[in-house]
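Have a look at the structure below before the remarks.
Chain nomenclature is as follows: A, B, C and D, assigned in order of appearance, with residue numbering initiated at 1 for each chain independently.
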């Protein structure tokens, strides 16, 4: 199996997921400065989801750059990854239009967490496909940052469930931004 | 004719078909746990269509990987395949928003069946283009799994028409999942 | 300038234009067989536009396959071509939802005609870029089929303006289908 | 890091941004010539945004054609560029549907200006990545046209804020059209 066409479909789906979210920014009728300011939950939700999907794509890009073998299982875990991500626009819009109501943030946080777990499964599957001693596995084994994200995201979900959704959302933002810290900072600690 | 650009357009259209379906997940206003649970027909319809279009793409990917010649007829049967698939988001949304009403499942099942028939025509055309003794034809001739899908899908359509749409939909799901069973299991039986 | 990336953007835009039209197929609420039958103008409009954009892409694909030089003017005439085509979903939906009302067919026919004219300009520009004696110009010079389409489309526009929009639409369909007749049939006559 | 896949995602996102704007052209119910004419602010907004995003893509295309090295910072400034551009469909639709109301033109102009500034940051970052004496930096250093656009766009924003939004919009159109004048005209003056 070729990895090229899998990358092409995957990039197409990432590009569409990241862009159709903007369709949920509903045009205000007879807008005033206040009407734009009132839309801040919608804009903030959009910006964070753009960041999250972008980070996810960047990780995928690094991962597949090193990949040399693609199996049928890899194809389908990759599809599962895209399926989970394809629900992000829906969860984002629900959260934005309901001003971070607790249940919407809980579902949004859960979706991001599931997405990281599926990504972890994809990495592990690729490590197994390439062999434990392959260059691929040497580079991608160990995921302190990934495990830490899952734990912190779970805490955010709980914080939202017990009634502090805006704090939970802020935590989700911080966790996403932390992905810009290079891997080795986490590995060496 | 080059197969690269045909693959590029085809992948683009697959990526869009699979992703725009998510736009039909309408944002609930002032959502509660119940409002999400009540949306299950919409989510289930989306998930099954994502799976079906994904399977279709995976088959197309395997097929064109082996293809060495693309004629004008291949281009247009491929377009017909994409046209039929492009109606899936509409049929999916109609079925989901009307909670599996019989007529919507009948139409959904018919669309999936037509799509498999068109795919079969595409395979046969490619076999003829490459010659009966080509490596291509050796690999793709015989389609027990495909013919079985068409028969079982037709049964599902009848079950829906006589008034059991949810059973029909479940059968469509099972048939799709059966595509994960490797070809040779069917061929050797 | 590379032709690859221009092809990539162009294919992306074609794929999106051809697919987003399906978003205009509005989901019927509590559908019956009659409600699907009543939607025939919407389906017919969609099918014809899918065919037209598909034909346009196929021509573009043949054209750029032979292209060896891309100038800045080619880039922008290509963009103009995509701009005109990007209005097709709007014209299609307006025509479908208003059951072929005369003004909507007139505008739809005009758009298709403008699109063929822009395509002709693109071909002529490419012929000039490659030189009159180039392999490119030998293959693409002379456009009896194209000129005939423009004349017949113009007749369809007039037929629609004087109050027979459904006849005009049928003529547009026939003209599109005639593109499947190979070029040399027209050239030799 | 490969530049190919970054280009692929970027082209996908450009293609979608440029095309989904057309979804904001709402189908008139029972249309007359007048109803089309009344839509002119929507069409004009769409046409100008298509031109602006197209120009932006053409610049990006020239830029990355010459790029030889892509760093992580380049990836993320490129993402920021796409994020800003992804808001253009929203700003376009708001401006079109509110017939160039002052606040909508102010926000539209601001978005275009921010987008040019981000593009400038991207160019400077790429110049630093390639080294001041590289072929890349020789070709792209100095941006009289870019700086001039930022200044003139800012004037347009002020004109809109003090209550002449249609004049401001016309100025934005003129500035965009000026990008068709080759670079060296500005450099030599």
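In this section, a contact is a pair of C-beta atoms (placed from the backbone, for glycine too) under 8 Å apart; a residue touches a chain by one contact, two chains touch by 3 or more.
All figures in this text were calculated on a predicted structure; none of them were measured in a lab.
Matching the C-alpha atoms of subunit A with those of subunit B calls for a turn of 90 degrees, to the nearest 5.
Residue numbering shows that subunit A and subunit D use the same positions for less than half of their mutual interface.
Subunit A and subunit D have centres, each the mean of its CA atoms, that are 27 Å apart. The centroid of the Cα atoms in subunit B and the matching centroid in subunit D are 39 Å apart.
Under the contact definition stated at the top, the residues of subunit C that touch 2 or more other chains are 8, 12, 15-16, 20, 23.
Against subunit B, in their complex, subunit C makes its touches with residues 7-8, 11-12, 14-16, 18-20, 22-23, 25, 27-33, 36, 47, 50, 54, 57-58, 61-62, 64-65, 180. Every residue of subunit C that touches subunit D in the complex is listed here, in rising order: 1-2, 5-6, 8-9, 12-13, 15-17, 20, 23-24, 75-76, 79, 82-83, 86-87, 89-90, 93-94, 97-98, 101, 103-104, 107.
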